[in-house]
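Read through the structures below before going on.
What follows is a pair of complexes built around chain A, which joins chain B in one and chain C in the other.
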Partner chain A sequence: MSNKALEIKNLSFKYRHNSKETLKKINLSVEKGKWLSILSRNGSGKTTLIKLAAGLLENSSKGSIKIFDQEVNQENFASIKEHIGMVFQNPDNQFVGPTVQDDVAFGLENKSIERNEMIERVDSALKDVEMIEFANREPNSLSGGQKQRVALASVLALQPDIIILDEATSMLDPKGRKSLLKLVQKLRSQYKITVIAITHDIQEIEQSDQVIIIDGGKKKLEGKPAKILIEDEKLESFGLEVPFTKRVRKRLFELGIILPNDYESKEMVANKIWKYYSKM
Partner chain B sequence: MIFGRYVSGDSFIHKLDPRDKLISATLIIIISFLANEPLSALILGLICLLILLVSKIKLLFFFRGIRFFLIMIAFTAILQLLFANNGEELFSVGPIRITSFGAKIASLTFFRFSLAIIIATLFTLTTSMIQISDAVGYLIRPLKIFKLPVDDIVLTLSIALRFIPTMLQEISTISDAQKARGSSLNSRSIAKKIKAIVPILMPLFIASVRRAEDLATAMIMRGYSDGKNRTKFRIMKWKNRDTLIILFLLFLLIFFGITKK
Partner chain C sequence: MEILFKNVDYIYQPNSPFQFKALTDVNLKIESGSFTAIIGKTGSGKSTLIRHLNGLLKPSSGEVKIGNLTITSSIKESQLSDLRRKVGMLFQFPEQQLFADTVEHDIEFGPINFGTTKEKAKKIARESLKKVGLNDEFLNRSPLELSGGQMRRVALAGVLAVKPDILVLDEPTAGLDFIGKKEIMKLIKKLQLEEHTTIILVSNSMEDVADYAEEVILLSKGKVIKQASPNKIFSNKEITSALGIETPQTTVLAEFLLERGVDFKGSLPINEKSFNNFLKKIFEEKKKTRIL
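Our next item is the complex of A and B:
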């Protein structure tokens, strides 16, 4: 299999009844096993982009979209969606089955998988997301975070190569968000899954290998999280919140204290401040 | 009101095949219409009591739950008792004549309808919605001959059932939000009440459309195309005891059918 999980070249897109193009000449490539974060303000076309990538919308432009070297189009849709698992924002809207295990089994039933194998795969997917004790629960007795884990298990049971998270953590509390992210990270390295995540969450961006910022339908910035997250003026101008550590650094700079100017996690900045403080 | 509710448990009745329970409940109700004398009524009554005891449902909870129905049925029966005029007179108080015929149909009405309510309630109390929909889906399978998309219907039904609690929760969230904004939902005036319902229905409707779209996308991405060629994760297991129960009820049906006067 090719090393390129997703490759988009010169992709533009316009919804039929809209006058303006939603996406303009997007180029993007994601290597197998990497984690890409897509960032932008509301309504700037992230969901449209991933729907195109998954073949859920028809690409009528001259640009091309390839998943593992296979062109995404109507004819290939069946084999394209085999590669991809999607988790959406609203935990309730993707829960199909009456119970947790039924929901995980839904995709397997569709693929006419024999029942004994189905039971095994449901079990192992639920163990992977640490939800096995909840196998018989009904969706309404679960928290949002637990429902998202089930959604992840439902996708995992189908053994995808790419997992797309469309703001999958945005309706969760900080704790639920953190633990879901940890889980995705673990599964990614365990199964060599490529992750494409739409997000507003700094933590989620910190975890990724590659970040792109889309604004007004165009790709505006691309790079490693450390590089993107220090561009605070640009981030702000795209309507995104500047990371806390960056704001701290800026305030300190104004007070005459200079910390090295590359982006680091909260813990590391806190450490640096400690060191600085003890030297005083 | 407990009709339509499910109380999970692991009694013998809970564990019976839902198809068996559905057919048996129907059979018992049919039999009750053949039973028109004290002995056969007694037998059926005892069967119901046995089911109730075996199902480990608390008697007080059960009868409190169906109290409303029982009162309504008793009321109907009393009316029949008072207004039936044919037959031998048993006794009379002023203008009211109680006849043997009146007594007979009143007791039959009370017996049959109470029994139907008891059996139907026992069925739903011991069988979850999803089991009922599986059982119905199985039993209407012959309709496939008429090109009825039975599998799709059953899946649709099961998804609808799964979303009922979600939507109820949503309704309560939205109406709380509207109340906080001074909606007149608790007002006495009917007109005001109806006006207050619209701002609840609209967000609910919009949320549902959005949900349907998300759900459809999620189902497509997980490989759903139509009901055909799907394997089943949830299965029903028909056991010997299920066959025995049906045979016993069929025997009663025939027996009462033959001995009916």
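Our next item is the complex of A and C:
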């Protein structure tokens, strides 16, 4: 299999009823096993981009989208679909089974997987997301974070090469959010899965290998999180939040205390402030 | 309207194998025109508690007083209709409840349902839409064509159209982006300040709680652990860490500094405004001691 999980070349897209293009000349390449975050405010084209990449929207432009070297189009849809699993924003909209394990089994039943293998895969997926004790519970009785773990298990059971998270954490509380992202990170390295996460939350990009920012349908910035997180002014102009520690840095600057322009955790910033303070 | 809970218990599916006590001996008072946040982990009883505010749930024992109305387990449905007009509820993901063909029809539905004439309801729809920061152009659009933030506003306009005295909001900013969140929170604060609407906010965003609420009710396992100002709640580390309540980022950073030996006696900063003062103060104090 190719080393390129996703390759997009010169992709533009316009919805039929719109006069303007939703996406403009996007170029993007993601290597197998990497984590790409697509960061942008609402209504900037990121969901359209993902739908095109997964073949859920027909690519009517001259540009090309390839998943593992295979062009995404109607003829190839069946095999493209095999590569990709998606977890969506609202945990309540993705359940079909009466119990957690039925729900995870649903996708496997659709693919006519043999019963013994199905049981094995459901078990192992639920173990992977640390939800095995909840196998017989009703999905509705779970918390938002637990529901998203089950949704992730349903995807994992199908053994995808690429997992797409479409604002999958945006409904969760801060703890649920962190723990889901940590879990995705673990699964990514364990199974060499490529992760494509779309988000409008700057705090979520820290774990990724590569970040792109889309605004007004165009790719505006691309790089590693450490590079993106220090672009205060640009982030603001794209309607994104400047990270908290960067806001603190600005405030310190006004007080005459200059910290280097790196992105740092709260603890690291505390150390720097302390160093300055104790030498005063 | 003042809200008073006296010894409220609530039991789901009583006398069955699934019996579950969701609220235990809840006592609290929420003043008219105040902004109160209800916080607590999933399953702590937040949703059960707010469902008592418009009579969706009635206490299994004890009583809830809202204005002049006392709600006990024996109250009749017919006595609750006036309350339902006075207490507006915006549940999670309210955009899923938008159903009409146009924004206007959706907002009018509440007032018409409560007996307002069609003509008057039309006028109210316009006013409500203006309150949430959308112009008349939206009236004839389909709710389904709107962006997430716009849909959330239309849903809020629908609740405001019945002119509630009390507005209960369950995670009103969940799923919105940074700008959308800020806009909705500012709007809610404005309703409190300008229309004197009593605001009750259920939220997981401790930054929002610290920035906008005047009072916090902290729930755990169906009990009220503490009711106090955000400042008192978030600087009480014993309670927040014991209950696994996340504190605002500013509080976390200030705590790191105190642990390292920064000298500060006041209460911990809970939002960026108070954090800026905190920074200024610690450096000023340090300079003073240096001069001495």
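The working rule: the second predicted complex is superposed on the first by the 280 of 280 C-alpha atoms of A that agree within 3 Å, B and C clash if a C-alpha of one lies under 4 Å from a C-alpha of the other, contacts with A are read in each partner's own complex, and residues count from 1 in each chain.
Methods note: a residue touches a chain if its C-beta (ideal position, glycine included) is under 8 Å from a C-beta of that chain, and two chains touch if they have at least 3 such contacts.
Just so you know, these numbers come straight off a predicted model, no measurement behind them.
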{"item": "Superposition on chain A - do chain B and chain C clash or fit", "value": "clash"}
{"item": "Touched partner set for A:Ile273, first chain B, second chain C, both or neither", "value": "second"}
{"item": "Partner chain in contact with A:Ser19 - chain B first, chain C second, else both or neither", "value": "neither"}
{"item": "Touched partner set for A:Asn42, first chain B, second chain C, both or neither", "value": "second"}
{"item": "First, second, both or neither for A:Asn3, with chain B first and chain C second", "value": "neither"}
{"item": "First (chain B), second (chain C), both or neither touched by A:Glu114", "value": "first"}
{"item": "Touched partner set for A:Arg251, first chain B, second chain C, both or neither", "value": "second"}
{"item": "Touched partner set for A:Asn90, first chain B, second chain C, both or neither", "value": "both"}
{"item": "Clash-bearing segment of chain B, relative to chain C, as chosen among 2-10, 164-172 or 182-190", "value": "182-190"}
{"item": "Overlapping contact positions on chain A, where the chain C interface meets the chain B interface", "value": "90"}
{"item": "Residue numbers on chain A that touch chain B, as the complex places them", "value": "51, 54, 56, 81, 84-86, 88, 90, 92-99, 101-102, 105-115, 118-119, 122, 138-140, 154-155, 158"}
{"item": "Residue ranges of chain B in contact with chain A within the complex", "value": "129-130, 158-159, 161-162, 165-166, 169, 210-211, 214-215, 217-225, 229-235"}
{"item": "Of all residues in chain C, those that touch chain A in their complex", "value": "41-43, 93, 147-149, 174-180, 204-206, 244, 246, 249-250, 252-253, 256-257, 260-262, 272, 275-276, 279-280, 282-283, 286-287, 290"}
{"item": "Residue ranges of chain A touching chain C (in the complex, touch as defined)", "value": "41-43, 89-90, 143-145, 167, 170-171, 173-176, 200-202, 239-241, 244-245, 247-248, 251-252, 255, 257, 266-267, 269-271, 273-274, 277-278, 280"}
